[in-house]
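Structure first, then comments.
Chain naming follows the written order as A, B, C and D, and within any one chain the residues start at number 1.
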Amino acid sequence: MKIKAKRCRLKSTKVSMNKYEEIKHSAYRANMELPALGLVVFTFGNVSAADRNQGVFAIKPSGVPYAELSPEKMVVVDFDGVTVEGKWRPSSDTKTHAVLYKHWNKIGGIVHTHSTYATAWSQAQRDIPIFGTTHADHNTVDIPCAPPMSDEMIHGDYEYQTGFQIMNCLKERNLSYEEVEMILVGNHAPFTWAKTPAKAVYNSAVLESIAKMAFLTERINPDAPRLKDSLIKKHFERKHGPDSYYGQSDEK
Amino acid sequence: MKIKAKRCRLKSTKVSMNKYEEIKHSAYRANMELPALGLVVFTFGNVSAADRNQGVFAIKPSGVPYAELSPEKMVVVDFDGVTVEGKWRPSSDTKTHAVLYKHWNKIGGIVHTHSTYATAWSQAQRDIPIFGTTHADHNTVDIPCAPPMSDEMIHGDYEYQTGFQIMNCLKERNLSYEEVEMILVGNHAPFTWAKTPAKAVYNSAVLESIAKMAFLTERINPDAPRLKDSLIKKHFERKHGPDSYYGQSDEK
Amino acid sequence: MKIKAKRCRLKSTKVSMNKYEEIKHSAYRANMELPALGLVVFTFGNVSAADRNQGVFAIKPSGVPYAELSPEKMVVVDFDGVTVEGKWRPSSDTKTHAVLYKHWNKIGGIVHTHSTYATAWSQAQRDIPIFGTTHADHNTVDIPCAPPMSDEMIHGDYEYQTGFQIMNCLKERNLSYEEVEMILVGNHAPFTWAKTPAKAVYNSAVLESIAKMAFLTERINPDAPRLKDSLIKKHFERKHGPDSYYGQSDEK
Amino acid sequence: MKIKAKRCRLKSTKVSMNKYEEIKHSAYRANMELPALGLVVFTFGNVSAADRNQGVFAIKPSGVPYAELSPEKMVVVDFDGVTVEGKWRPSSDTKTHAVLYKHWNKIGGIVHTHSTYATAWSQAQRDIPIFGTTHADHNTVDIPCAPPMSDEMIHGDYEYQTGFQIMNCLKERNLSYEEVEMILVGNHAPFTWAKTPAKAVYNSAVLESIAKMAFLTERINPDAPRLKDSLIKKHFERKHGPDSYYGQSDEK
């Protein structure tokens, strides 16, 4: 409480220095969730937090261990990937984040990890089949695995093109980024996004869990069928439909 | 000790406000065991604790993270699923709990999780074969996997019908809920129950452990035979028969 | 330091009450290692510590959670399985321990767990093949899996007969309990032993690790060959032969 | 800060006693990372730290549990494997370290573990295929698995020969130890190295992670192709090429 009060005072007197403070703190907190949830080790992975009014996002500095992170070290970048504040070099995946923020105007957070099971499915270049209600609670379709990138894309602006690879995959399958908030990039690893960085981190953890359960399901029963449509619809709508009844209503 | 004494005093002076206090604390403590045992993440899973004299049970509020739970947030519901106390919306699975409490009058606690290995068996739509004494210490039969619910049930009162799907599965197999305290719901996930919420949580952890061992057993030896009847009987009776000799006798 | 001094004083004045104190503390400490090493949950598993001069051993009380254990709760039993001190009922596996202590006069500690991977091999009724030096550092042979017990044994004095099943398995394979300190009982789970309870616990952890590595080895290469004799001999003798050079010499 | 200052003062007055202090502390800290990262249990594994000016390295004492380690217990050995300081017996794998330091003059740290997944690939006697960018971020080739050692080598100076087995494997494949900093020894377990002990420990953790992902990838898709050359090159050069842009530039 005290700290917050103090921070507010600082804000009013040093406005120019602090206009990115909220997203830097938000990005910092979300990044720190990744090792806590077992989704990254060392310097792997990165989370960004966007401020749509200012047209920028804060992202993890490249190659800095999580134990050494602080809100101050977050790098602020615009939606073209140009650094606007911060003395550190931003994550090497920054342009992928920038492309997605630029084209998907309702997302506020993006996460990239190399979490074990989701990465294994990416390396196997397979969509994750929807086998159960845990999956349906979050998505109505198989988790898409975008094909590995073309040599042309790789030799061009690689991370920038990774963003397009992700967008193109959803487009070709007629999927909306507002409904499907997670994807695998073939040979590479998962990306997730959401309206907030915290929800995007949640999506990364859910994806890892779904990826592990699907791996096990296929071992236990190689002929396990996909979940039937009625159950997919029911579970997704419990959480997300207009008549959703999971969680607490907003007025609480 | 001190805290207990204090709580008792409160009880005697504020009886009306506290008639559900015991089950709310009991449900709270049992819910908090789930993340500690690695059976849930985020808001997944729920435990309820019944008071048969009052015809109600306390259950986790829907979509609230475990770190934010408190006994006060537990919702009290009757055996028809109607909330009788609490300003939070109860777990979306509340009606499944209500149905089971209504029809199985010797249970006092129910647990639902999406624990990894048990859920994988549910998604694979297979009973968990009884391969060893760890299983037989707790059950004399394969852990049943109820079939996925029919479209009619799904389109009706889904969670209410889930309770009947569970009861029907046991009935069709001539199993008693007093002997088999765990089940998988096909495509979905496990449910466990017991005379107390703490024992129901124990059953969920045991089920996850059995599910993992059975998964590994089939990989190591695809022709592994089921446990023979004499060992099933012996191990179950060590713990549960009239001549059981596991644990401490009651008078201790 | 202080506590030790105090305990010594108590010893000298209350000799008769404390003649089992050392093994009770030793058994307690060794039992507490099991959950710390991830080898047991709840009340599963048990360790005993023998005092050969007095012809007794201290063992975990039956069905008591690890968090509630204390040295005082350990039960002292003679080598025929008769309780000589302690108000608690000893582990239901006590007679298995008693038989082994009675017949193998150089062991001072026994451990029984249902650790995940070792139990899976037991359920699969397979010996664990010696695939690498991690295994050879501790054993020169495949970890034996005793056959499931006969109906006659099960209907007789089951836990007593489990001890004989273990001894018979080693005998039939011409193995010495001083060289092979671990076994799987088919359909059941592992037992380990050693000169001290601490070493027997170490053996249980090593066995679980070997069991997991062997499981993975067979998945990665179904035709993986057993370790060749020269490497088996070399690694075992590094740690255990007369010219062993692993660890520190005794005079340190 | 204070402690450091104190240590510096000690250094200036007791030079002769402290000329190995830096590598002993460095080796100690790196060894303690192994259990923290889940790469070793008990006394398994060892890290060494070299001082090329003095022609020596500090290494873990043999068979001492991690909890009992201290910088003072590290043993200082020259590049022929002869102990030059320390009253403890050095790791039984010391000669393997010595050989590598003697022949590879740009490495400053070596790690040996029996980490689960990397050891399973060693036991399976298979190279770890390069399936994705996580692998390519660190290596451009499959992780080599050296063949099991010949009987002649085993009967000779075993640990000394293990060093040659590692060097010969890289030589035969035309690989540079400066580019490939990790290897599996068939039937045995992994070794990693780097310019610093900390980086060598990092390599061991990365190897374990890659080994697990590759294991899963082959299960999910037995026909999963190796990563294509353009992606291998791209990812490795992001981190290691002359135009690398991962991490922070040196002048920060």
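Please note the rule applied: contacts are C-beta pairs under 8 Å (C-beta built on N, C-alpha and C of every residue); 3 or more make two chains touch, one makes a residue touch a chain.
Values in this document were obtained by computation on a predicted structure and should not be read as measured data.
Where touching is counted per the definition, chain C and chain D have no chain in common. By the document's definition of touch, common neighbours of chain B and chain D comprise A, C. The chain with its C-alpha centre at the largest distance from the centre of chain B is D.
A rotation of 90 degrees, rounded to the nearest 5, superposes the Cα atoms of chain B on chain C. Under half of the residue numbers at the interface between copies chain A and chain B are found on both sides, making the touching surfaces mostly different.
Put simply, the C-alpha centre of chain A and that of chain D have 33 angstrom between them. Centroid to centroid, with C-alpha atoms defining each point, chain A and chain C lie 47 Å apart.
With touch defined as above, residues shared between interfaces to two or more other chains in chain A number as follows: 219.
Contact topology of the protein chains: cyclic, one closed ring where each chain has exactly two touching partners. Interface note: chains touch in the pairs A-B, A-D, B-C, C-D. Residues of chain D touching chain C in their complex: 41-44, 61-64, 87-89, 92, 114, 116-117, 119-126, 148-149, 151, 154-155, 158, 187-189, 215, 218-219. Residues 37, 131-134, 202, 205-206, 209, 212-214, 216-217, 219-221, 224-225, 227-228, 230-231, 234, 238, 245-249, 252 of chain A are the ones touching chain B in the complex.
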